[in-house]
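Just so it is clear, A, B, C, D, E and F label the chains in written order, and each chain counts residues from 1 on its own.
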Amino acid sequence: MKNIPWQDRPDNCNDIIWRYSENPIIDRYHIPSSNSIFNSAVVPFGDGFAGVFRCDNKAVQMNIFSGFSKNGIDWDIDHKPIQMKTGNTDMIKSDYKYDPRVIFIEDRYWITWCNGYHGPTIGIGYTFDFKEFFQCENAFLPFNRNGVLFPKKINGKYAMLSRPSDNGHTPFGDIYISYSPDMKYWGEHRCVMKATPFEDSAWQSTKIGAGPIPILTDQGWLMIYHGVVTTCNGFRYAMGAAILEENSPDQVKYRTQPYLLGPAVSYEQIGDVQNVVFPCAALHNIEEDKLAIYYGAADTVVALSFGHISEIVQFTIENSL
Amino acid sequence: MKNIPWQDRPDNCNDIIWRYSENPIIDRYHIPSSNSIFNSAVVPFGDGFAGVFRCDNKAVQMNIFSGFSKNGIDWDIDHKPIQMKTGNTDMIKSDYKYDPRVIFIEDRYWITWCNGYHGPTIGIGYTFDFKEFFQCENAFLPFNRNGVLFPKKINGKYAMLSRPSDNGHTPFGDIYISYSPDMKYWGEHRCVMKATPFEDSAWQSTKIGAGPIPILTDQGWLMIYHGVVTTCNGFRYAMGAAILEENSPDQVKYRTQPYLLGPAVSYEQIGDVQNVVFPCAALHNIEEDKLAIYYGAADTVVALSFGHISEIVQFTIENSL
Amino acid sequence: MKNIPWQDRPDNCNDIIWRYSENPIIDRYHIPSSNSIFNSAVVPFGDGFAGVFRCDNKAVQMNIFSGFSKNGIDWDIDHKPIQMKTGNTDMIKSDYKYDPRVIFIEDRYWITWCNGYHGPTIGIGYTFDFKEFFQCENAFLPFNRNGVLFPKKINGKYAMLSRPSDNGHTPFGDIYISYSPDMKYWGEHRCVMKATPFEDSAWQSTKIGAGPIPILTDQGWLMIYHGVVTTCNGFRYAMGAAILEENSPDQVKYRTQPYLLGPAVSYEQIGDVQNVVFPCAALHNIEEDKLAIYYGAADTVVALSFGHISEIVQFTIENSL
Amino acid sequence: MKNIPWQDRPDNCNDIIWRYSENPIIDRYHIPSSNSIFNSAVVPFGDGFAGVFRCDNKAVQMNIFSGFSKNGIDWDIDHKPIQMKTGNTDMIKSDYKYDPRVIFIEDRYWITWCNGYHGPTIGIGYTFDFKEFFQCENAFLPFNRNGVLFPKKINGKYAMLSRPSDNGHTPFGDIYISYSPDMKYWGEHRCVMKATPFEDSAWQSTKIGAGPIPILTDQGWLMIYHGVVTTCNGFRYAMGAAILEENSPDQVKYRTQPYLLGPAVSYEQIGDVQNVVFPCAALHNIEEDKLAIYYGAADTVVALSFGHISEIVQFTIENSL
Amino acid sequence: MKNIPWQDRPDNCNDIIWRYSENPIIDRYHIPSSNSIFNSAVVPFGDGFAGVFRCDNKAVQMNIFSGFSKNGIDWDIDHKPIQMKTGNTDMIKSDYKYDPRVIFIEDRYWITWCNGYHGPTIGIGYTFDFKEFFQCENAFLPFNRNGVLFPKKINGKYAMLSRPSDNGHTPFGDIYISYSPDMKYWGEHRCVMKATPFEDSAWQSTKIGAGPIPILTDQGWLMIYHGVVTTCNGFRYAMGAAILEENSPDQVKYRTQPYLLGPAVSYEQIGDVQNVVFPCAALHNIEEDKLAIYYGAADTVVALSFGHISEIVQFTIENSL
Amino acid sequence: MKNIPWQDRPDNCNDIIWRYSENPIIDRYHIPSSNSIFNSAVVPFGDGFAGVFRCDNKAVQMNIFSGFSKNGIDWDIDHKPIQMKTGNTDMIKSDYKYDPRVIFIEDRYWITWCNGYHGPTIGIGYTFDFKEFFQCENAFLPFNRNGVLFPKKINGKYAMLSRPSDNGHTPFGDIYISYSPDMKYWGEHRCVMKATPFEDSAWQSTKIGAGPIPILTDQGWLMIYHGVVTTCNGFRYAMGAAILEENSPDQVKYRTQPYLLGPAVSYEQIGDVQNVVFPCAALHNIEEDKLAIYYGAADTVVALSFGHISEIVQFTIENSL
């Protein structure tokens, strides 16, 4: 457990999740080539933190970059994108890489991302040191996005959430889980949870997708996810939470009917894509009951928000669909 | 006649309609459960004002809430949505309620709203005290929105404006009028006015819909309405005015070619839906020639604007399509 | 009861509904001006039959024409469209008329059709002799199609089925019922039945609409209707049946999961619109347990089919969704 | 090797593939419940043939049925759909089943089909006797169609072609290959071949999908496939061939620029979906150089066509894109 | 003037245009490589006729082929597409060629067609002998189709009708005229006539396009054209006529409200694209008052129809919009 | 050469193009009737500058207005739109005018704009004094936008860039060049450059269009252009540069892979259309190596940016696709 970034809840705030007062923590022009930096992943590493960042360059090409930080807030991001070496396969085509997630399992840091292979699908790679990276077989056929690994094997197998999609700005999307004995072949696909009927919870009625690596709590897996509603002027992305059964994570125990955090401040409402709150990573300290959620804002910058894990779990139980 | 909210026109302003300097008057988080409060209706009531407010909660479920105010600006809104009792029918399904209008006719306050009955249609209810509410039969078959009653019977019958639509973010929409002898059965449907050819007045070329309850002037009924243009990045809602024949309100005498108020300040341009000015209610003082128009801004907050009735009428006549 | 058109079921046929061997009974060029004649209505009249026919002319303008027949099969159709006189209203705009239904109630023959009034809605008219016709107020606001009257008042009021739609080739559509004390004002709108989930009964999963005038049986109202499925090459229209509660016809007692008749012969599969079976009228003889269903085929010609009422009712009960 | 169905090429015919003169071999009403029978698979079995047939019933629900034939032309199809028992998994949801393929590998007959699991994906099952069937895990996440197994392991692994799609009438589609060590977990996904640029070969420019089980020839795997062009009046499906590298079947050696068989006779041009030729199975006799291709016609019936394997291979080489 | 193909009007026929009894005159497989032959042009040549034919090959690549005939009905079509030499420009890209028109002006036969240059536009070429062909500059920027030359200069300039479109199955389209002093530079673009409002003449309400070379009559230019209506199952193409002012052909004097010939027989209703009648050429004999119109049927074959010029002109005047 | 507007690059800025610190230079309400002023053109004139401005009025009708400035920053814009006199043609219809460009060639100032003639096309006019304006024939058939003249004849002919489009918010668009001997007839159309594959340079992957008048440099013509990407919430417009061959300007020598300036400040991100940077004019001083680019921001205001010509050229060469 680390000294994760933290700010106490503001005095006049009753929200379960609150924003960091110095947001955004990473600006769109944080590295020389970037047009925008958002939807990125961080993990504890050494005596600080490491991360994999989505930096779209000024040609608006999407790629992932490694970075390091002492405090989880101030980040050194490499000016060059990650160069992959071959992992469990011959090197395969990768037209683009975006929306990474990172997690340590057993002996190494596993990275998943949206990989451009004749359309978006889930790329898998690993690193031991965030300097040398190895690319493995894609997990699935296209078209897929938001591949998120569980932080440990479940029933002896690796488990991954993902959201099958189409080859455009997909207007639908549900969360599935798949299992693998070896990080190479995947199967036992199950639907975990679906977008909601508009009347029940409109903010998550168009599509949903897993966000940070799920966190094991005494109630089960806490899964922070994004939900999307289609307004007459486009998509609006907000953040919610669900609790999945520990040993059968395709079983949803609870799921927030209200969102936890929605676009309401300028860096979330204005940018390359308006009205986007997109969580991709979280740092947690179970002992101190703290959660720091990193999220992309307006597809332009990286922002940070905080919450108490116990409160989020309690809120999810009490406000479940 | 009341002391309606008022601010004189700013010195350097030549506009027919001007904004309240302390806008928005109701913030998106005005009540604990709300994600947004907008498109709402107010009327004089007792020695102050009462209103019916559209408050979408944080699950983005749409519902209507009652509220009271001494000055028409500072509002106490109930934290629970209106619970309807049966009016002239067995209670019917109501998946959602939004965009209310309110008017006193004869002995009670009639409320209309967009009611979710297998899609949007026009719900009707009444109250005597804004505490107890009674729900009647829907006026029309789906799909319909923006049902607005006239403040008195016309030729012995209730009269209602509405905008037939489809079951989505309707890309068309004209204003019709219908009549009823009893607020239960409706007929004599007539087209009042249609969206304009793009070249004639683009801001109202996609769809139009009635806003506040029409106001009887010596020129006829003053109908404030919204118009929509489709830009390459979505809809843009602005506000105009028309004068309808007093005894044959399906006859349009005058109609503004220019808009009266369009999205141009941040709370109108930024929010859950960008670039929306959507009038739903107005308080008027004929003697003092004052009009206070309440409008939803960016589908997120309630704002207030002012004008002199005589100037609006004159402008409509002089700038008519 | 009349000698309605009839042919016994062919020997090798096990179907509940079978086709007339001399179909189509009315060809597309049956009158000099016509491009197509289809979706038409007939009733017993005098010692024979009268009808109202949809004849699209060679400019493909849609209008309705009266006709007479001794045997219900060979028809004399007027070469000029019906000229309406004013009924219960000033004459209203009618850009086009199509898909008529006819029924005798109390003292006259009532006709409903899809009437072009700023888009499709339900026109109402009446005649005593099929020579002089009177046009009344439209029943509803646009957009609506397939308005079908019940053959007698229900609970003291006229009752009409209809299918709210949009202003194009509507890709959705459910059946509603509305009531009127006077054939002028309509209300008490209720949803009767909806298009089905694709997996349950695909042939009626896109939209549905009432066909002939419902027939009162000892099980309730027998409503023949059309259902539509969207294939990758367009819509396909077939015919089914439902039984509605006699005094509460918004209550569906039974409804066919399989279709009764689908496009399978050349005059149904080929024409101006491929793969259309669209029932609009039926002649019945309760004593002889006979039903003769008239349907438009491929939006081009009029065809005839037969069935035993008791068998249809039984089949509907036994194969209900 | 069997006495597969066969007819010599007609005298005046120069085509590589020709139709059976008695087509269609299975009519839409071949079993009592069926609306249509098409896109079906056959294999040699015992001293005759067995098959798995797509029969849509008159509710237009899609399911698969077993059948047997002595000569491959006259078929006894079970009147009830196949009831699956659990194979390598707990029984999973299957909203519908369609477009089966069948092949004997090692010790049993494997069946793949389009399985409805929250959208279309590839179902897998097996049988030893075409009486008792066992359903396994779906191969992939939705959305996918046209899963076709190779008839033997390649490099020690099962291999399957498939066409990732979306959840509707997908307007795109390329052929991929995936591998599995155990028929349960799949990976090593590779793109095999894509729809063509319109100018190069329009008939296969919208989407393509594998058809019968590939046949090993001395030039490599002969893969018969369907291609689709989008006309202004919908999709048109035709049949082509490709030769894949024997040990690296993601490598395309040759691929027909012209189609081999396109919709040109009435049972292919008229039916529930016009202009469809959709091959799903083939019987071959290498010694006699004969191929009998079964194909769905107009999504309504099953038809048969013939060709000499050597000629097809030669034509593919000489007319390759 | 020639002995153009001719058949008298059948006895029981009252139509202005009637079909050749031996239609289609050119089958889809008329040459070995062809998938379909349609939308083609013919002219008097030598003691017989010559033509330029659209033959799509079995890869469904579109190209134009020359052909000759003694009687205008039996055609020898070259088995290889026309190879162009450079005319008034360096050879330009031509991804495809389709829908040719041909006319003799001054000293040579000019050919126009839809030319694939980064999308469809109007290609121009000429020949003296139908053996050697020369390709000139495209007349216009993309996107355009149905370029049709007038048979002589008007006010000293070449004149061409065309239909600006988009890069797909364009759902709109009006007829324009442009002028050129030299067949290289074009200008003075004027709108000639537009698709009609649906209510006025639905068959030509989606798009229209010029067909054969206009014919000068004593009333002005007789322009045969196609019109398109959008049914729920796709486009339907029919044929009409207009009379243009002789010296100001952007002035429409008369235009048929009804169509002259619509898809109503099997070779027009069934084929690669259903329900298409598409005129591209006409042979006329003014003295004998005969017109022979060649048209593509169902985008599959070439058919022939006949009419008396005086009757067509008279009908157009009497049935004008 | 003039004293064009100028501000040195800010100290901490490394960008090739930088914004004027007092942007926007022209506000949306700069003249009494305007709703927005943007996408406008300026040229040196007399001892100052003249311009043609797109001012949409409050009916959101699009028109062009003349204006004058001493310093190129503070502008007097006429309160009435330009009234055209006849140039080289009878006066033609002009439903609207927008997005003007202006350039002096030989003896006069030529103006091009998007002219509403049955849809958008390229209007041409000229003036000698910016008081009296003459309208000529449209250059092309509809549909077209972004017509930009070269500042001198090329190979003896006028040359114009343009972007063929469709009649709506066109989702595609490439840059073409056309030539004219006389500003009346146009031909020799060539494709210059196309939108890019998404993976190569996403910001210009939907459509592109020429901006200011090209500037001749020692490397060829410097063409500033806009590119558009389609996000899930609409279009985003940014600015890039290309170098065209001096005597064959359809040959692209270099083209920026990264954008030069994208929407990143509030007046570019918020307005009637969010996220628009749209260059329409530039003033240059070759000796001082200065370029001042005028651009419309958010379809609402006019903004100004600066760069050194040599740096832009160098950047384009070094960062070319």
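A few notes on this one:
Everything below uses one rule, namely that a contact is a pair of C-beta atoms (placed from the backbone, for glycine too) under 8 Å apart; a residue touches a chain by one contact, two chains touch by 3 or more.
Predicted model, so just to flag it, every value in this text is computed and none were measured.
Shared contact partners of chain C and chain E, listed by label: D.
When chain centres are defined as mean Cα coordinates, C lies farthest from chain F. Matching CA atoms, the turn from chain D to chain F amounts to 180°, rounded to the nearest 5. Taken over every residue number at the interface, the positions common to chain A and chain B amount to under half, indicating a different-residue contact.
The chain with its Cα centroid farthest from the Cα centroid of chain B is D.
Spacing of chain C relative to chain F, judged by their CA centroids, is 58 angstrom. Per-chain Cα centroids separate chain A from chain F by 41 Å. The mean-CA centres of chain B and chain E are about 55 angstrom from one another, to the nearest whole unit. Taken residue by residue, chain B touches two or more other chains at 233-234, 270, 274-275, whereas all remaining positions touch fewer. Of all possible chain pairs, the ones that touch are A-B, A-D, A-F, B-C, B-F, C-D, C-E, D-E, E-F.
Chain E meets chain D in the complex at residues 28, 32-33, 35, 56-62, 95-96, 116, 169, 233-235, 270-275, 299.
Across the complex, chain F is touched by residues 89, 117-119, 121, 137-144, 162, 164, 166-167, 172, 174, 176, 178-182, 184-189, 191, 194 of chain E.
Every residue of chain C that touches chain D in the complex is listed here, in rising order: 14, 199-203, 229-234, 236, 257-259, 262-264, 266, 269-270, 274-275.
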